[in-house]
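Common to both upcoming complexes is chain A, partnered first by chain B, then by chain C.
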Partner chain A sequence: MRKALPSILSVISAILICFIAAGLTRDFGTALDAFTAMLWGAFGDWPKFLETGAATAILRPLGEAGTKAAILTFTGLSVAVAFRVGLFNIGAQGQLAVGALAAAVVGAKLEAPGFLHITLCLAAAALGGALYALLPAILKLKRGVHEVISTIMLNWVAVSLIDNWLVIGPLRAAASGDNSISGTDQIHATAELPRLLGDSSRLNLGLVLAGVAALATWLFLTRFTRGFEWKAIGLSQDAARASGIDVDRGFLEAMLLAGAFAGLGGAVLILGTELKYPATLGAPWGFDGIAMALIGQGHPLGVLAVSTLFGGLRAGGTRMQLFGVHKSFPELMQGLALLLVAAKLMWERLLRTRGTP
Partner chain B sequence: MIELRHITKRFNGVAALEDVSLEVKPGERLALIGENGAGKSSLMNVLYGLYQPDQGEVCFDGQVVKVKTPAEALARGVGMVHQHFTLVPTLTVTENVVLGHEPTKAGRLDLVRARKEVDDTCAKFGFQLDTGAVVRELSVGSQQKVEIVKALHRGVKTLILDEPTAVLTPQEADELFAVTRRLSDEGLAVVLISHKLKEVMAFSTRIAVMRRGKKVAEVVPGETSPEHLAQLMISLSSRERGEGRGEGPNQAPPSSGAVPDQPLTRPPATLSPLPQGEGTLQLTHLTAQGLHDLTLTLHPGEILGIAGVDGNGQRELAEVLTGLRPWTSGTLTFEHAPITRWTPHLARAHGVTHIPEDRLRRALITDLTVEENVSLGRHTQPPFAKGPLIDFPGRRALTTSLLETNDVRPRDPQLRAGGLSGGNQQKLVVGRELDSNPKVLIVVQPTRGLDIAAVAAVRAQLFTQRARGCAVLLISLDLDEVLELSDRVLVMYAGRITGEFTRAQFDERVLGRRMLGVVDA
Partner chain C sequence: MTLARLCLVAALTLAACKKDGPAPDAPKPAPKGLTVGLVTDVGGRGDQSFNDSALRGLEAWAANQKSLDGKYVALTAEERKASVPAELEARIKELGIKPVVLQSKAQEDYQPNLQLIVDQGADLTVGTGFMLENAVETVARQNPGSKFLLIDSPVLDAKGAPQALPNVRTVVFKEEEGSFLVGALAGLVAKEKVGFVGGMEIPLIKKFEAGFRAGVKTTNPKATVLVQYTGSFDNVGQGKQAAQDLVSKGCEVVFHAAGSDGNGVIQAIKEARAAGKAVFAIGVDSDQSHLAPEAVLTSMVKRVDLAVWQAASDLKAGAFTAGDQTMGLKEGGVTYAPVRIEIPEKAAVLQKVEALRAKIIAGEVKVPSNTTDLESFTAPTL
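Here is the complex of A and B:
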């Protein structure tokens, strides 16, 4: 808990700074209204619910927050597990795109009953993401290419291949009647992630999957000897190698898992909300994953918590526009929180001087 | 004349120096001796401006001066040569010597003048150095001379040498002492920090003995003996009381071989031998990067010492044997079966363990806890694991007993390994490796940076392993240590074995020549 303190304080400070910024540029009354709206948009409009008794006032915001949180958790875990062995996976965006495409293709081209279809889509997405992450891992082990360089560049390779060719070319949806449709074919209903709170809310199985993934990752990293090996590799490759740990294998496994998580993030995006690979993926989920992993300090449950918070704030951010405050404020908070967490030494010094005078 | 008056220095409340007074007079050779952590280096660091004393004062010619930085110390004529050199390897001798106060001509570096000035300094004090040579290509002994010339070139009147012979061959050490004698004849004061009693007796005109932060005696060599000095250095009464002699944050720089002059009882070899042939490790015409055509056999129940000047293939040899370095030709045979694949994992699986030279790089992960470090290497086996899961109670139990038997302090399995003092880290590493009952033990510089009690404990454990029938390969830069512990010694020079000696043939002079690559006619 003590270790989480810098992250918690960073997030709170970031929100406060943004509030003050909004207050100074508009006025503090408007800022307060806008931030309250963001909060209701993130975690349910409880006052409206109490007033009108309309359940949708809570369910709809929760749905938006939950779907965003699920994707952020997956890409955050992707970056976090690579971090555990000391690798910086900047390639979650590309891995997510490959996974998303795999899920969209299997969801649309294949027919299978209910849960089997979903499982196949998820497996295809995980495999696609993992294989796409295997590339930089092999380049690193065989040729010594730094993973930061290769994963960054492979992001653009993925975007160019998928968005600029496959989705507008070979995999483009057939036009129905006079309407030309952007993106790939719609997935079958059997491949859609079931919704958890009825039709009024888009909250789906994806959030549950993300929670399970975070918990499982945490257990793996802390309870299993292989998880211990990853930690040892991340802290000291030399000592890990000298003690007989297969460092190369650790790199491979961690990158495969990282890619699989990013791919699953893509699958949750497609199977839960988009229902096809759209013309463009929208938010840079993979890059946001870096922020989630860093603010969550690489701890799987920390990533889950941070993703839930920022997933919510982003969902609520759209409501700020009603008060003339730009909807990008949640992203600003995320960026500030990241900066403040990165100033780790500052927190350590502040917390220490408080603790022991 | 320099006077240190009633110096006290504390680190986190622990006194590293307590009311120490010392005079350094022109023209004398003062030896400052004591165990690791006794305060020798701390005291000199106060004089050199690296530490500020909490109490007491430093006087130069009767005038109280606050020396805040090494630059101020240099300006007052105090120079210090550390054990770890501060030279730029890619620059020439001249460039290194003038670095920081280079002569210039119209704003441009005047290397011609610089070289002439440095040559003059060398000539004045009788150093034979090629001032145009690139430092990287010099031997360790010559690099040390460059360090000394660097200090002399700045007009130093007092020269502090911190454990200067730790990295030298006996011949190079003799040369160093000849040089210091010339310097003192010139009127300079030379202070030697050491814990090698033989050299102290030969070198000094005065000896100050430190123990646990206090100066306990001042003697002249004519009135003392190595035995007497050893007695002064080690407070036997305090050892009997079992007081923890904490290694403060002021730990002296790593050094090897404390009081080698003390005779050590060698237990008989092979009390309970392993079955025939077990644990025999052989290299035949093995060549690897840094190693040329090595042939050697390591027998169970013996300590095979490798002597050599730093950087002559010892590290590479240890890496090959422990699976960290591939070889290009030749064979490695273990228990009479040729080995084709050899990784750290396989080496451990065969019972070959490693106490590496650089414990912070290879042996310990400072950000892991003590118990996690204890499990490192055996983390997939009981009692550290149950199937794929970590066995937390098993790990804790074994760690607790290991800390106890190896006297690692504090006895806290959950402490960060980086929070242990150097000596306790080494005790932890040694304890961990020996706990697996190895057949072969590759030990590199096992006593580096340890105090006398820890050195004795580590050496005793090596003898215990030998008695068990373990094959021990001891690589050390400290020739005294190698000669004392080994049943047989191989000398390495430039990646080759240049000599083999059994105990009866041990002769420092002959070994020293082989270490320098000189083959006797």
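Here is the complex of A and C:
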């Protein structure tokens, strides 16, 4: 718990700084309105619910927050597991795009009964993401290419290949006459992730999957021999090698798992809400994953918690526009929180002096 | 989880503060009149063309307001005069509606943003661009009591065939007709070669190309039309590269239908002119003359602003109808911007173009809207 304190304080400070910034650029009344609207948009509009009794006032925001949280959790886990063995996976965005496309293609081209279809789509996405992460892993092991460079570069390769060619070329959905349609074919209903709270909310099975993934990762890293080996590799490759741990295998497995998680994030996006690969893959979920992993201090459950919070804030952030506050404030908070977490020493010194006066 | 809980506590505290604060006794202006909401596509505010045109129709024309640092301020008389084109001045009236605009950061924001506007009690919700087609369809189905306007696409079913929803009006434009006129103008201005820069190679943009080619063919049958597609709508660099390539191949006039890529096209033409070449650019969607007054011959104007204003106006008059509308030259949905630069025999050239406009409106000329129709197109005699 004490270890989590710097992250918690960083997030709170980031929110406060942004609030003050919004207050100074507008006025504090507007800032308060906007930030309150954001929170209602994140975790349910409870006052409206109590006033009108409309359940959608709560269910809809929760749905939006939950879908965003699920994707952030997956990309956050992707970065976190690679980080465990000391690798910096900046390629989650590309792996996510490959996974998303795989899910969209299997969802649209294949026909299968419900449960099986979803499983196949998820498996395809995980496999796609993992294979795409295999490239930098092989480059590192065989050629010594630094994974930061190769994973960054491969992001643009994936995005260009998919967004600028496949989705507007061979895989584009056909429309009648002169009408234009964006993205690939729509997936079959059997491939859609079931909605958890009825039709009015987009909350879907993706959030449950993300939660299970985070929990399983945590168990794996703390309760299994292999998880311990990964930790040893991350702490010191030489020491791990000297004690007989196969470091190369650790790298390979961790990168594969990282890619699979990012791919699953893409699958949740497609199967949960978009129902096809859109013309361009919108938000930079993969890069946000880096922030989730770092603010969550690489702890799977920390990643889950941070993703839940920021998924909510970002879902609610769009409501700030109603008060004339810019839509990007949640990203600003995320960036600031990341910056403050990085200033770890500052927190340690602050906390220590308060602990022992 | 702790963080989420902390956040909830913060939320409750904030809410508590709010109740004690001065907020309640500052009475909000009573909501009189209608509210019209609009969701932009990812291009967003300030794209100088498509989204800005829609926002102009809503904010400037219908509400007589402009957005300044996130707040709305009323337009001055001069600003309003500058915003409404002369030929529409008599028609465009201020409607006294309240605009609510949400910009979208990403594709996945379209649906929640539309829903949020509906939840705000908007009487009409506008989705700007064919990329919002899916989202408008879903939200319209879930809120059968709300009215929607979708720009640039009919509502399509999963197979891509148009379908009608009882609460959605869709507006598509005959871009080929406006493109035909600027093509005719380009053919009259250029001697041998003209160029076209498209964004994504989709049917919508092919309409521009087909109309443009037909226009050039009509006024200058010997001229060749060189075509380049950039594959995007948000990459200024690619547009510039494509235009530079076309200019180096000898194109004298370059028309673009490439969103933000087109800003690069205009930039390239401007630079080529500075280097001494006699070349012109033709802008798209909005009048883009202000981007490079000496280089922009004209612009193929698409009156998205008019479509949005018209829907708001119909709503106010209680005459809002669902269904698919098509706006061409006849309906004033497309046109070309005033030619502000000097060209040889300007009056005679413009007279010829206007004669073609009359023929299209009268139905004597059918402008092709795709490459198949273009092949069987026979140019009318001037």
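The working rule: the second predicted complex is superposed on the first by the 354 of 357 C-alpha atoms of A that agree within 3 Å, B and C clash if a C-alpha of one lies under 4 Å from a C-alpha of the other, contacts with A are read in each partner's own complex, and residues count from 1 in each chain.
Everything that follows uses one rule, which is that a residue touches a chain if its C-beta (ideal position, glycine included) is under 8 Å from a C-beta of that chain, and two chains touch if they have at least 3 such contacts.
Keep in mind it's a predicted model, so treat the numbers as computed, not measured.
After alignment on the shared chain A, the placement of chain B and chain C results in a side-by-side fit free of clashes.
Shared-chain residue A:246: touches chain B; no touch with chain C. In the superposed three-chain model, the partner touching more residues of chain A is C, compared with the other of chain B and chain C. Contact with chain C, but none with chain B, is seen for A:199 once the two complexes are overlaid on the shared chain. By the document's definition of touching, of the two partners only chain C reaches A:174; chain B does not.
Applying the stated contact rule after C-alpha superposition, one finds that A:236 touches chain B and leaves chain C untouched. In the superposition on chain A, A:319 makes contact with chain C only, not with chain B. Once chain A of one complex is fitted onto chain A of the other, the partner contacts of A:215 are absent, as it touches neither chain B nor chain C. By the touch criterion stated above, A:283 is placed in contact with chain C alone, chain B being left untouched. The gap separating chain B from chain C in the superposed three-chain model is 26 Å, by closest C-alpha atoms. By the touch criterion given at the top, residues 1-4, 6-8, 10-11, 14-15, 17-18, 21-23, 26, 42, 69-71, 100-103, 105-109, 111-113, 115-116, 119-120, 130-131, 133-134, 142, 152-154, 156, 158-162, 200-204, 206-207, 231-232, 369-370 of chain C touch chain A in their complex. Residues 223-226, 228-229, 231-232, 235-236, 238-246 of chain A are the ones touching chain B in the complex.
Chain B contributes residues 322, 324, 343-345, 347-349, 354, 356, 361-368, 372, 375-377, 379-380, 384-385, 388-390 to its touches with chain A in the complex. Within the complex, the chain A residues that touch chain C are 4, 7-8, 11-12, 15, 26, 29, 32-33, 35-36, 39-43, 47, 56-57, 60, 64, 67, 164, 168, 172-182, 186, 199-200, 202, 269, 273-276, 278-283, 301, 304-306, 308-309, 312, 315, 318-319, 321-328.
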